[in-house]
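Shown below is the structure under consideration.
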């Protein structure tokens, strides 16, 4: 179910349990995704990835929903089945409605199309858009 | 400056000028991006792409700024230099501050990382995330 | 101009010259692209890549033009500036007109869009399309 | 079977049925792919995507088979399982033989390889290939 | 199980069997992966791909394990499920431990993140890094 | 030269200077790459990214050179010009010879080719490679 297996809470060492506890407390759930259980065989990456994600995804100038929409847009562009499934769920939990989902998909589709048109036609960057 | 050259307003036929006029009216500007000038040698694609983009990017459930942020997130993920430059400008025009930009980049970077961790570790989709 | 520099004919050893000679004879030109000059510091890869390409791109069931169109479509999708520039030229030499180019770009753009819609909406493969 | 489910003809509103009817008439089939049924919860995107696709994929300078080959080449490069499955079927319906399929795959594989060699060796674009 | 089916040894012609024999001899196994069986319907590509792979993956300046790690890193970045599964196995056979696997994944994740940060922030290449 | 400009040491606040100091001490250099100067307008991401990178890239089971080779392989696959340029330099500093570079490129090219062949032919994962 994952290259190194899924590490359940009961079988985990305390350093892993601490991360699991923080995930559940932060997300107000008693469920740990397979993603974290798959990473947990490498406690250093588990901790670093979770802490980075927690910092990055917490509401700042951009609210939590907007961040989830961006996360999903990237996952769809990369066509990662796991991340599309899990972040569709996460975005919904953060407030994404079906109507928002379809607008998101339209933008993602359009951007993927025009990215190739711009590159394919070898369009030079406008002077005013240069950094 | 583009495979088929850039078609300026003065040199364009009326069907192209109509699209240019609509772009300028919609965006409240007198400037046409190189992207559109590069597409204009194919008036059918120019018209279809512009009308689709106009429909997709207008405020709906998601406001115009959120849509620009998503567009930029996709362009960064695809690493399209033209689209990154032009949509950074477009997002700023729609209200993106520097503080929002750095939060956006953090989310995009993080999602690109975890997409590969999920795929690389062959993580099975959780039962509850399945459609 | 390339990581290991560009190896000119005059400076090349005989094994490299043989490949250069074959490229020029096959393509009926006296010009060697930078791509080959950049690879030539690794004569084994140069020879293998050229011979593979020669075999793959020669007319078979699919004619040379169709193969060049496919090559360009892939290069646009991957957004490789060098390959877009060089294979736009190669496709033109093989007979691609401007009208074909704009149709090619439309298909490439559309496919990149619908690839993300299919993945993003997690569409299950139809029974009849399964292998 | 898709994020928003698959919308069957019987359950669809008239605006969706009209698109379904046009798909079936254009393709001379009584079958609607899951892709369209998954999009149909967003009738605006359904209509826009279908009409764009219909316009883009109809025979022009490039015949319908060549367009399907290009579509498949993009889908393989993006590694979209749904689109590979459905467009392999579509290309076959348009006349692609097994012998054409293997030539297509060879070109796609080769282009993906040389795209990275060109980028990896940082090859500068030849003066004569510049736009 | 593959677009053109899987060609078993018993059903294969002598030119295909020769490649199968060489694969088994080189890898010291009596097992042929589905990948080769799927390619075998195109004996020319089968032979070319196998001989290229054999040449590329044999120990040189870089040992066989390092080459397998690089292969896996690319496959994870491209998110190819088949290649991730088969090259995780191949890398393990070449000596990759679980501890190496987790370090590999960390590097791959990190590189995918910083690739987007560098592109997204439109960072100009440092003078000293130019070729 | 970067979306938010490049932040020089002299103009930086102490929290940024601390990161710059650590980069220079760790890498035994007095040079700060443009990448870090571009990130520095977001001190939180700068610190997190540098500390993650430092942890990930330090020698473990995999030595520093192997990690740099993997990093470069990913950057080439993603075709990130900045990262290819900077990590070619970093890999050389870690001991990569020209002979290693050409072997690396061969493996990267080959993997990108076979990833598409495996996906394109819809090859099912072998029972023995499943997790």
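First chain written, first letter: the chains are A, B, C, D, E and F, and each begins at residue 1.
The definition used in the following text is that a contact is a pair of C-beta atoms (placed from the backbone, for glycine too) under 8 Å apart; a residue touches a chain by one contact, two chains touch by 3 or more.
Because the structure is predicted, anything quoted here is derived from the model rather than measured.
In summary, the chains found to touch both chain B and chain F are A, C, D, E. The greatest centre-to-centre distance from chain D, using averaged C-alpha positions, is reached by F.
Between the interfaces B-D and A-C, more contacting C-beta pairs are found at A-C. Taking the mean of the C-alpha atoms as each chain's centre, chain A and chain F sit 21 Å apart. Computed from the mean C-alpha positions, the centre of chain B lies at a distance of 34 Å from the centre of chain E.
In this assembly, the C-alpha centroid of chain D lies 27 Å from the C-alpha centroid of chain E. For chain B, the set of residues that touch two or more other chains comprises 1-4, 45, 49, 52, 77-81, 85, 88, 105-106, 108-110, 112-115, 117, 119-122, 124, 131.
Of all residues in chain D, those touching chain B in their complex are 1-3, 5, 44, 48, 52, 55, 131. Interface residues of chain F facing chain C in the complex, by the touch rule stated above, are 79, 88, 98, 101-102, 105-106, 109, 122, 124. By the touch rule above, chain B contacts chain A in their complex via residues 1-4, 31, 33-35, 38-39, 45, 49, 52-53, 56-57, 60-62, 66-67, 69-71, 73-75, 77-78, 80-83, 85-89, 97, 99-100, 103-104, 106-108, 110-115, 117-126, 128-131. Every residue of chain B that touches chain C in the complex is listed here, in rising order: 3-4, 41-42, 45, 49, 78-80, 131.
For chain F in complex with chain D, the touching residues are 76-77, 79, 81, 84-85, 88, 105, 108-110, 112-117, 119-122.
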